[in-house]
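Look for chain A in each of the two complexes below; its partner is chain B in the first and chain C in the second.
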Partner chain A sequence: MSDWVEACAAGDIDEEDVIRFDHAGRTFAIYRSPDDEYFATDGLCTHEKVHLADGLVMDDIIECPKHNGRFNYKTGDARGAPVCVNLKTYPVKIDAGKVLIQIG
Partner chain B sequence: MTAITSSAASPRDYSLTGLDARLAVENGLAAAEWYHTEIPRKQMKELMQRSDQPAIRDTIIWLAAFIISAAGGIWFWGSWWCVPFFFVYGTLYGSSTDSRWHECGHGTAFRTQWMNDVVYQLACFMIMRNPVTWRWSHTRHHTDTIIVGRDPEIAVMRPPDLVRVVLNFFGIFDAWHAMTDMVRNAAGVISAAEKTFIPEQEQPKAIRVARIWLAIYIATIALALYLHSWLPLMLVGLPRLYGAWHHVMTGLLQHGGLADNVIDHRLNSRTVLMNPISRFIYWNMNYHVEHHMFPMVPYHALPKLHELIKHDLPAPTPSILAGYREMIPAFLRQLRNEDYFLKRALPRTAKPYREELHTDNPVAAAAE
Partner chain C sequence: MVIIGAGECGGRAALAIRDLGYDGPVTLVGDEPHPPYERPPLSKDAMTGEAPSIKAIATDALFAERAIRHIHSVRAVAIDRVAHTVQLSDGSSLPYDKLLLATGSVPRQLPMPGLGSRCVYLRTFSDALAIRAHLSAGNRVAIIGGGFIGLELAASARKLGAAVTVIEAQPRILMRGVPAEIADIIHKAHEAEGVSIRTGQGLAAIADDGNEVAITLTDGQKIDADLAVIGIGAVPVTALAAETGLAIDNGIAVDEHLRTADPDVFAAGDCCSFPLAIYGGRRVRLEAWRNAQEQGALAARNMLDADEAHAAVPWFWSDQYGLTLQIAGLSDEGKSIVRRDLDDGAFILFHLAEDGRLVAASGIGPGNAVARDIRLAEMLIAKRAKPAPEALGSQAVKLKSLLAA
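Let's look at the complex of A and B:
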């Protein structure tokens, strides 16, 4: 059974932004969309393992800071070169002002 | 600026499949963690913000300059009055496309991605760089900047081939290699070096583009033969030769004469202050340390980025001329000793280079 893990407070992330969350030796990226929804993905770009939390969120896209590779952070879809492998996504819920992610 | 020499262990092997390629991986120079100046997230987000407006404005000016200069060149064809028009047209075609290809390849010029894609494809054709191959080679260039055996875009290898450098001001070697690569790709052949940085699923795209381009060049040559005139080739193809001078002039300054096999862009890249015309042609890539350190910052925000982090960077080279005054003697010294390079002095306010990264690295240690 997968556990829900508290990642941060909802207010820790600006709208249309991303923060890094490390847990149990793994790293994740937690997003807040322009529509004030929250999402979570693996924290490293599938291209060259760069932290996506240093990248730029534009609408539903996260752009890697190293090579500008783009993913849809809601679905994990890679959106063209140089990223070819999709990003793993995780369920997110907000509970009492906290962002929880379900880590498989 | 300090000049550094050292005794060479062995000549550099720039092949992407050779000895230095293997050593770079073994020594941790490949896909390493590079130094970057700390910038608060809020400021970094502001710098990274995309906007269509500056690039649309610049692209309208750029395309208008293309049309006017081409029209003038055609109108005055057969008289000396066509020369200044073709000078402008050629510089736009054979030089400004270098920066347009580059910036749109990063996806930072425009906020709207299809605009980046359109300018990217157009500029790639003019600068004769396969848009698939060069997207991936440039990705590697940013991962392993001036790492011998890893970076496929090292413009001046050591010891420098100065004949090649001079001839490239007229596009001679680059265009020749671009044409032979295009014909090879059009024949369905991806080289062993290309296979090291182009993923297998992307390779058919490189072949398809090469075939389209080859058809365009054949059609242009056929038109020139039909018209018994050089004019079609003056507009398509030849400007890559007679207009290459500016992109070579500025491109050599990016890394020429500086350190290799270091993982700090402050030491292997050069920021040069330039006149506004060159900065328009070059789309602010004169801020080259800043671009490499933060490649997601659009060209129009680089001057602001420079102001923000200059306390942590070597002093910018004050002009193109000053850049050549330090670079040419360095190239000449490298003819006798290929380990000679210009060591950038960091300001007192800067964080020092992390020398400890190279304590177990004989490749970089040889240059110290």
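Let's look at the complex of A and C:
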């Protein structure tokens, strides 16, 4: 379970924003919160498999670009219709200016 | 709590009533045999996907768990507002304290002789299955009406290899609510995919012999098709409300709380017209998925005495081929347009009122290229913001920065 993967450089993501990261056939979304912390979730919305990285980050919420399904990206919690299934989250750490995520 | 209409709006309302902690009886009445399901995929994935299935909003099991009674395949036939009861087509009667009419809309019927079994409409899952059966490669499909349903179906039919002709009486497609610049992109995308679009053409005659439809246009051109799909708009389902004496004004007329003149009867979604506060109380009726969802939830809150006014900005989307269009606000409120170009040919048109207020934003591009900026525009519209046109027009200026201003 110590399979940390380098996703991007810390500066690649703006504050209160998200980018897409593809790795080994999977896709993830990497977030930088307004208070400069980093988080990672599965990359696709649980409603219709849309890439969340095209969505809008406001505070600790990512909103799906397609149908406005909302999740708390820090916990993965679905926040109301149309989404009802939570997002999977992944541990993140910053090492020498790189964002690493632990893909279980 | 009784809800008539088990579509997106009614289904969401039923769940919301429970989410709000109400523990009395909740009954949802619908005339389709299915649990409430999402309709937007019917013109898209349900047509082109491997094995079409219903995308349910809630399963029977979830309704059972939430103690929501879903009476399906049954129609409400009358409302007695004095006795507070609803009569159903199976002869039974339901008492209510609060009633929500979420009866939706039905396709506008083409008022012409000559229509037969090969002339169809799309509203339900079973309509979608019937259409799909005719969309195989080599078949010819005529689509009457260049609106969203027709164009999404045209895209799906091309994906399946059918030959497609779209007939539109107006001088261009998407005349209602979509700026010409964006309609033009969609028009060209369809032509590039092999769709023949005939604009400015009325129908002189239709002859359907049950195997083939022969269409004659007003200019004399003839189009033969294996199937004609009619998509010329939708009309709200208001008969039940009208018969019980509720006011109808392009839909069941409700106030900003979605309440009719009867304080115990609400209406929401496609079937109702309501005042939009952000446009000075202009009365509108919206046929859109998100509106159905939001109003279902809002009606639920107000049925439980929240007394909350509708405040959402209208929003909808359409997917055709790889393109997605999104529109926030009502663009006909605008007097001038500012264009913002994004990557990959995507762009957004911002519609500004005379006083500089942002009243709508219309965007188109590949995939979800415009989604984020349209969402931010929606927030700016809700804030009644007057952003500087130069800032809106420059991709270098982040829209998020304008929100804080």
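We adopt the following convention: the second predicted complex is superposed on the first by the 103 of 104 C-alpha atoms of A that agree within 3 Å, B and C clash if a C-alpha of one lies under 4 Å from a C-alpha of the other, contacts with A are read in each partner's own complex, and residues count from 1 in each chain.
By our rule, contacts are C-beta pairs under 8 Å (C-beta built on N, C-alpha and C of every residue); 3 or more make two chains touch, one makes a residue touch a chain.
Every value quoted in this text rests on a predicted model; they were computed, and no experiment measured them.
J.: Looking at the overlay, what does A:H51 touch: chain B (first), chain C (second), both, or neither?
T.: second
J.: Go through the superposed model and pick first if A:A81 touches only chain B, second if only chain C, both, or neither.
T.: Touch status of A:A81: both partners.
J.: Give one of first, second, both or neither to describe whether A:R20 is in contact with chain B, with chain C, with both, or with none.
T.: neither
J.: With the two structures laid over each other on chain A, which partner does A:K66 touch: chain B (first), chain C (second), both, or neither?
T.: both
J.: Which partner, once the models are overlaid, touches more of chain A's residues, chain C or chain B?
T.: Comparing touch counts on chain A for chain B and chain C gives B.
J.: In the overlay, answer first, second, both or neither for which of chain B and chain C A:K98 touches.
T.: So A:K98 meets neither chain B nor chain C here.
J.: Which positions of chain A sit in both the chain B and the chain C interface?
T.: On chain A, the residues that contact chain B in one structure and chain C in the other are 54-56, 63, 65-68, 81-82.
J.: Residues of chain B touching chain A in their complex?
T.: 31, 44-45, 48-50, 106-108, 111, 132, 135-136, 139, 142-143, 199, 201-202, 294-296
J.: Okay, in this complex, where on chain A does chain C touch?
T.: It is residues 16, 50-51, 54-56, 63, 65-68, 81-82 of chain A that touch chain C.
J.: Quick one: which bits of chain A touch chain B in the complex? Just the residue numbers, please.
T.: 17, 47-49, 54-56, 58, 63, 65-68, 70, 81-82, 84
J.: Flag every residue of chain C that touches chain A in the complex, lowest number first.
T.: Touch list, chain C to chain A: 12, 15, 38, 57, 289-290, 293, 297, 317, 367-369, 371-372, 375-376, 400.
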